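We just call them A, B and C in the order they show up, numbering each chain from 1.
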């Protein structure tokens, strides 16, 4: 299945270190265009570090990485990135649509000119692109309201629109489902899968709970024990594969509703908290 | 009223200064850095008095002190944001130095009153000379141009720093640059409304603009317009009521605009909730 | 009220004999008054300030301290004792600010409101000063503090206020600590978080109004924030932090008043420099020990 798709991200025996401390090593993975990949693992296993490596913000200590055929950081304009979400301050009085527009042209100096001025074609196109993206993620209805007044799920859609507005080939999301209620988690996951299929965007989603997105996934990368394994969910989330990764016996249970439960992790199982640092 | 030279000079210098305050203030409120502006206004006092005590041009000390402190706040603070407690601790000490400068300045002069200090603290827009007014206007125009030039990336960095950084924007550099602009604005506004009152021109029009519109560029323009309006009205008010100091008058008008904006939003919200049905608590 | 920042060195001068110098200090009634009032204020400011630093309400506290200025100027204008003006203005200020300042990290809308209140108050103060021309010479005393003009009645009032404030903190200290550290958890546990917040702001206003009478309205932070920030840099234990803040506050007040008596430089300069110096030392010590922020 992956062989038919052009590869967008490849890591080969890569090792990452933060402040002299090795986070993980010997990690190899590849992501093809239009694939929906989950990056799993317990807290502190280095999931967010992977995203920073792909963005070129953290240099590799060993091994090689290529992103869209070049070194990490060289093609960042083609990557949409949602950092681990802090919620917006409720008193921020700026519209969602402005935030999405900044995703399009926020790096340019000066202020945007009004559309009625001469030579406003580019600006009208920009506004149209913002509107289109908001439609795609289903956020058009609340984009005119101040971002601080929106609910967590509505903010998340605005932010996905912001990351998508430049038509990236890779979309990376760090814990986007955290602090969302279960129906919102499902609908955001379904939306991401739709984006993979319609726009042919490779989606990398970091999460500590695979269950809400399991039906939509193509592949997973599971970080633990200072390394990672990558592959299809049914190959990676198994008792033998995870036991080898952690170095201690791990059991993967299949609940009657299809949920996967990983038992016996060395760290205390992550308790879902409403506020995530 | 316009036949008086001092009024014309006050308008010449005050208009661009107020516009700079309004534009910079919008970003200050958005970035929750009002307290930094507050601290810089106090630094302005020390800088001006230290220069006066040393016998050099007041404005040299004013600009040097505010820009130096603004830059170090940006460089030392996490993510180019300054920490409130550090600001509070440092600026109190700087004000202590201001008290020292004031006493040295006063005891060094035969006339021996604190009028110079009072002018720095509370401003004297009607006392500007022609050269002073022209220079102040020029610097203010420079600040306005610089702010408009960095407005869009700064907005991005302020709203969504992590994403802006991933996009390759110099988020830290923008933060430091912005604090330097804030320092320059504080030094400018000290000449118009004084070190203690300039926070009113920074915070009140910007706060009103944030309440009245959610479109950031419209907000920026509105904030600038409100600040200029407050200055004009304040000057007119002070001119017609001689016992009303111009600085107090300007700040009163600005604060009134802020209060009115609060009332306006409340009315509008009531209107909306009345139309939408009883959903709003 | 005399022009305070101007050098005040009437005594016989420094003899470098500590006992003699202290005896010389205490022969002057105004000096005794200043030391007694300074002690009461230092203890109260350190205790209240420690909570203020914990609650990250430095901006609101600073604004309250500046509101003391129009209070004092207005009181002089209508001819009532300045202390009344201090307490009335700061109490009113706390009431006005309490909807805008809910503690925690300053938010954009709140900071705009607080800043506007502050500037408006100072503008009013300046108006009062210019209406009452006689005050112009005392303006720097109001702003930068004085220790020569503290009357006996004022000393008594300050001691009473300090005692009340410390008693209030002693009664409400634990729920206040809870609410300051974790407002949602405290609310869930039945602590009246909103009422505590408003009450604390009133208490802060009280402390500020008292402190301003010694340090001047501009330098209130030197006793309110700096000792607390120093203590929190040195220890993470609440009890030890409070004691340490009080000790630092007392030390800088006594030393500052003592040095200012013998030196031509103003008292405000000495107290701020001493407390800031201790703060820098504390930060440096912690940096040397390798402690992280």
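Throughout what follows, a residue touches a chain if its C-beta (ideal position, glycine included) is under 8 Å from a C-beta of that chain, and two chains touch if they have at least 3 such contacts.
Predicted model only: the values in this text are computed from it and were never measured.
Among the remaining chains, A is positioned farthest from chain C, on the basis of C-alpha centroids. The chain occupying the central position, as judged from C-alpha centroids, is B. Here the CA centre of chain B is 25 Å from the CA centre of chain C. Centre-to-centre separation between chain A and chain C, using Cα means, comes to 49 Å. Between chain A and chain B, the centres computed from C-alpha atoms are 40 Å apart. Among the residues of chain B, those in touch with two or more other chains are 30, 32, 210-211.
For chain A, the set of residues that touch two or more other chains comprises 89, 92-93.
Shown for chain C are the residues in touch with two or more other chains, namely 107-109. Interface of chain B with chain A (complex): residues 30, 32, 148-153, 155-156, 159-160, 162-169, 210-211, 213-217, 219-220.
Partner chain B is touched in their complex by these residues of chain C: 3, 5-7, 53, 56, 58-59, 61-62, 66, 105-109, 111-120, 122-124, 126-127, 130-131, 136-137, 139-140, 143-145, 216, 218-219, 221-222, 225-226, 229, 264-266, 268-273, 275-276, 279, 293.
By the touch criterion given at the top, residues 55, 57, 76-77, 79, 81-83, 89, 92-95, 98-99, 102-103, 105-112, 144-147, 162-163 of chain A touch chain B in their complex.
Interface of chain B with chain C (complex): residues 29-35, 37-38, 42, 78, 84-93, 95-100, 102-103, 106-107, 112-115, 117-118, 121-122, 194, 196-204, 206-207, 210-211, 243-245, 247-248, 250-252, 254-255, 258.
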